[in-house]
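The two complexes that follow have subunit A in common; it is paired with subunit B in the first and with subunit C in the second.
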Partner chain A sequence: MQPTHTRLDATGAEEADRLLEVRELKTHFFADEGVVRAVDGVNLSLKRGQTLCVVGESGCGKSVTARSILRIVPSPGEIVAGEILFRQRDGNTVDLAEMNPKGREIRRIRGGEISMIFQEPMSSLSPVHTIGSQIMEAILLHLPVTRQEARKRAAYMLDLVGIPRANEQLDAYSFELSGGMRQRAMIAIALACEPQLLIADEPTTALDVTTQANILDLIRDLQQDSGMSVLFITHDLGVVAEIADEVVVMYLGRDVESGDVDSIFHEAKHPYTRALLQSIPRYDSRDNQRLYSIKGTVPHPFDRPNGCPFHPRCDDFIAEQCNRIDPPRQRLGGEHSVRCLLYATADEAPINKEMRT
Partner chain B sequence: MNSETGIKPADSSVEALLEVRNLHMQFPIRRGAFRRTVGFVKAVNDVSFHIRPGETLSLVGESGCGKTTTGRCIVRVYEPTSGQILYQADERERIDLAGLDNRDLRPFRREIRMIFQDPFSSLNPRLSILQIVGESLKVNQVASGSELEDQVAALLRRVGLRPEYIRRYPHAFSGGERQRIGIARALALNPRLIVADEAVSALDVSVQAQILNLLQDLQEELDLTYLFIAHDLSVVEHISHRVAVMYVGKIVELAATEDLFRNPLHPYTEALLSAVPKPDPRLRNKGVRIRLAGEVADPSNPPGGCYFHPRCPYAEERCRQEAPAVREVGRDRWVACHFAEELDLQGFEAIG
Partner chain C sequence: MIWYIARRIVYLIPTLLVVSVIAFLVIQLPPGDFLASLISKAEETIDQAQVDALRERYGLDEPIYVQYWKWISGIITRGDFGDSFEWNRPVSDLIWERLGLTMVISLYTLAFIWVVAIPIGIYSAVKQYTIGDYLVTVVGFIGLAIPNFLLALVLMYIAFRYFGQSVGGLFSPEFIDAPWTLERVLDMLSHIWLPVIILGTSGTAALIRVMRANLLDELSKLYVDAARARGLSELRLLFKYPVRVALNPLVSAVAWVFPALVSGSAITSIVLNLQTTGPLLYRSLQAQDMYLAGSLILLVSILTIIGTLVSDILLAWIDPRIQLQ
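== the complex of A and B ==
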């Protein structure tokens, strides 16, 4: 069996193409009641110009992973292990996990090289500043421009994200905009300094489907024009199918399966991924057909199961194995990898039926 | 408004359990020091539909379209501005809930219950599960003491919770379990109609599947009728028999689920269906993508003619001038569009 921290080898050319690589990241919260291992060994890798979706249910650590990358994990959370390798614009690769979260280096990266948009645009925009001044703040902080130039750029950004009458809207406050327009304004702020990486944490969850479709189109168009990479966090598998190039499925702080979007949807290996896919209502399902549902619930963060964290809810649970052995990350070919004992053998053949209970 | 255009049961042999006729709900906009009324938000604007016993009718639409307000009028949280809510109380009697006062409403409050969206704010954190679920039994003097406990335990078992949890408080439960508690509370008095307002929207997919299955099982076992208010069309497609699409306080289309998803007749329905993300990457960029420009109309100041015309890709001069009435275009199919017959609109099938 391979050690858990197997490095996925990559050729030199691939390496140059890689913008972000997170290796065995662990972010724990040291609460009075005990330690919450919110992120407990996550690997992900994002190429230039691509979209990586991190998908999972609430409490799986997807948002904490994103916040760890930007080093904005709230106290008492701390990165305790792992690397976050990020290739800067100047070509140097830096480890964000080693940086001082309040230091100059990371502040230059935040907003400049990596930007983030959040789920609730109302609570992430300032109600007492105009939209224009919030965009200009980001521009003035990172680019060597005058206030006038910054204002011009702010108007250009609002226009770019499809806000009508951009020049007038610069002086509008966030509460004067509708939900979709607010999310557009957030995107304008995030993209004002042309970041290499946009982290989007459930940016469309609070929006209507029609608005969601428009925002997804917008992110996709902007990405095509600028070549930025997107790390998209969502729980909606429909959204994943629409926009992802690569997918990481998380469960209880682990990347249980990762791969390109087609393998995840059509050759899912991990029982959790398969269960998630089966539990979404689909158009082809006949009337009165029951949905597949995963038994039990996500365990409380303080009593995390031993072995594979999914074993108490897993249909393919192997007694005396899954509850003891922490499954290693197994590469299945290409970028597809999975953490499950069913695939632990080298030839990726599932374990014989007799061994299952 | 013309009152002849209400949606009536297509099959008159099946009596509707509930019939809503020309329902209006207006909220006054007050301004200034004297709180003078300067206008009205027409949250529900001449809505008519009926629900047959044992069926699930879904109300869908974007936020602000009036679907929640309609639900709240039916459970009489709000007193409708005008219109009728006819409830088939027993074989003979049909009662208009819209006109009743609180006292006369009491017997019907047992029969029409509600499940709420957010399982975290809809349960009182200071009450135990016994108190939450048992409250209506106690208030209506159905049971007390150990009998009450037995009944609550039976209700918990029915919704898939362990009866040992009866003395616990809501904080000890996960989102899905809390939603089950909310369902147990709604079931306590053997209701006939349940208004489920976004009952699964706040839940994770795996939990959502559990709750949807539970709702379907309960419907079969207890012969329940659901008014299911939701914005997630894949969930709606799965659970409903018929679907009503609302836009700015009006029903624009009402049809059997399969007809509506396969062959929508209103451009707004088509746009909604087109916006739903398909859970299969191979369908990406397949089919026609319709993206609505602009914003949902302001219900206090809606545009003239058809409310949807400023965003409608097929709008013509007539749509700007004349508001389309809801009309019957086939068996159990109702649509409010001048060009419903001429347009060839894309359903889910064309894409999926």
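== the complex of A and C ==
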């Protein structure tokens, strides 16, 4: 494959501002039935203090991308290619993809520099340990403090995320809290060591709408206070519109389109992105209008289409091209880029060459 | 917590009463009685007058509820479990030492099962579908499949043939009837490993499977990933979270280990010539020695109930999710 990412390399000044850069990441699962290419060439770039939303349907590799960054991909998954460049607090840039997933290096980053919160607050806290002990665990792992200081900081964190009677709740168990409170507790654990990056893997999906809004506000407020970056994974475009600076749209393990939030919502180029945007219910639509839906379903993981993975469902399918050529990543100006043959410029689309092979 | 325990103990009383009635009824269920089986075994015929005299002496003519009342009131007020017909001695003389030895063997076996099975189960779960896991699985199933008494015979042969150890029983001949001294205790400890291994094998095999399954369930839970994402090392993570949660169901298994060891291992105990309650119960049931059999069944039931209580209390203590209401 052509090393398209080199063209996206930023200038020096921008580089210093860049916290995370994922290049052509591939995470595959080696199952008995075959290889599932859950993440198959993803590029992400996240600046300090910004929010990047990764959007896509279930099974498109959003969560695996997030877990790859922290190197907590469950077995039999493995990172097989790509780079995950992360700028540490000390100014050094490290490649997380090269680290031993059980090693000391990555453990220092987990929870200390990059934290993660998960989709289901119901099950992401231990059922038999108190909330306080789990926050204190994170603090004691990464900060040079005593147990008393850690407990104090844990209470401070619970208070910060809006849990009432924080001192008492330190000794509460997760089953004694509601879903929203548990997610707040998870956020308290995640932010206890002031990470540079928070990865939020659909943190509001399992919550009701009111709680969802509260949690989003909380994450945004905490982000503004601390200046951390947020990698937010969601399938909810409403959430994206609300919080994102940058957006990456994923389909079948690929970033099909990425750009700042305005260009994605107002100048979406990829047929998949456009179809997603059309599928949002609008309050001003007429009563008898059917909601648009993308035709077909996400293919089975063992049955990936050749060429552009979206072509069987695409309305703008170009016969004999989309089903053969893997579209390269195309820069459209600014940070906006797309993988689609509709936008291939003459010199960069090696159509004729690949058709002959 | 104290209230919870107190309430549970109060609840024990009616349960025990019902259990004692059932225990008494069970031993009355088979047709005939001790005299009938005595007569059938006797060399010369016993005339009816003699039978009637014996029947009266043992109180076998009275209605069941009178017999039950005599028996249970004796137990409650005087600790008197009645007399064994066959041994011609008070039941309490016969059972206490055997019960003590049974408890010792049971506790040893339980400890053996846990100490061996839990680490192997953890290994097997963490290394799922590796050579090591398959090996443990195969050995485990073999352990489950071999009847204990057969294993007893094989190990006794090996111990005798290759180690020259006097096998069978818990004591060397010179200590069998000796009073309890330090030497006797040491002698017992040097004999106890064989019955413990034999009695513990199938339990160990079963517990490895249970531990492996429990832990596999927990390992895939999100809180494990969340703890890993906090930067915890793999080993500390493993023992602090999933293993800790996976142990909870094992604690409730304590309840059924006791009765199984007391009554279920009768055949093995007979083969090994252990002075435990199993063989005694077996003999007394054959002979329809009703006070002895009834008392043993009652004690096994009491052990079961106490085991349940102990495991419930332990579980309530270690698992905060259990509500004490």
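Heads up, the rule we're going with is that the second predicted complex is superposed on the first by the 338 of 357 C-alpha atoms of A that agree within 3 Å, B and C clash if a C-alpha of one lies under 4 Å from a C-alpha of the other, contacts with A are read in each partner's own complex, and residues count from 1 in each chain.
We adopt the following convention: a residue touches a chain if its C-beta (ideal position, glycine included) is under 8 Å from a C-beta of that chain, and two chains touch if they have at least 3 such contacts.
The model shown is predicted, which means the values in this text are computed figures rather than measured ones.
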Practice task
Using the superposition on chain A described above, determine whether A:E105 touches subunit B (first), subunit C (second), both, or neither.
Solution key: neither
Practice task
Determine, under the contact definition given at the top, whether A:V239 touches first (subunit B), second (subunit C), both, or neither.
Solution key: first
Practice task
May I ask you to decide whether A:D17 touches subunit B, subunit C, both, or neither, giving the answer as first, second, both or neither?
Solution key: neither
Practice task
Identify the partner contact of A:L276: answer first if only subunit B is touched, second if only subunit C is, both if each is, neither if none is.
Solution key: first
Exercise for the section: Check the residue A:D159 against both partner chains and state whether it touches subunit B (first), subunit C (second), both, or neither. Expected result: neither
Problem - Per-residue touch tally on subunit A - higher for subunit B or for subunit C - result: B
Exercise for the section: Could you tell me if A:F118 is touching subunit B, subunit C, both of them or neither one (first, second, both, neither)? Expected result: second
Handout entry: Residues of subunit A defined as touching subunit B within the complex
Key = 57-58, 178-181, 208-214, 216-217, 235-242, 244, 261-262, 265-266, 275-277, 279-285, 288, 290-294, 297-298
Handout entry: Residues of subunit A touching subunit C in the complex
Key = 67, 70, 72, 74, 102, 107-112, 115-116, 118-120, 123-129, 134, 137-138, 141-142, 173, 175, 186, 189
Problem - Of subunit B, residues touching subunit A in the complex - result: 62-63, 174-177, 204-210, 212-213, 216, 231-235, 237-239, 261, 271-272, 274-284, 289, 291-292, 295, 348-349, 352
Problem - In the complex with subunit A, residue positions of subunit C that touch it - result: 220-223, 225-234, 240-241, 244-245, 248, 318-321
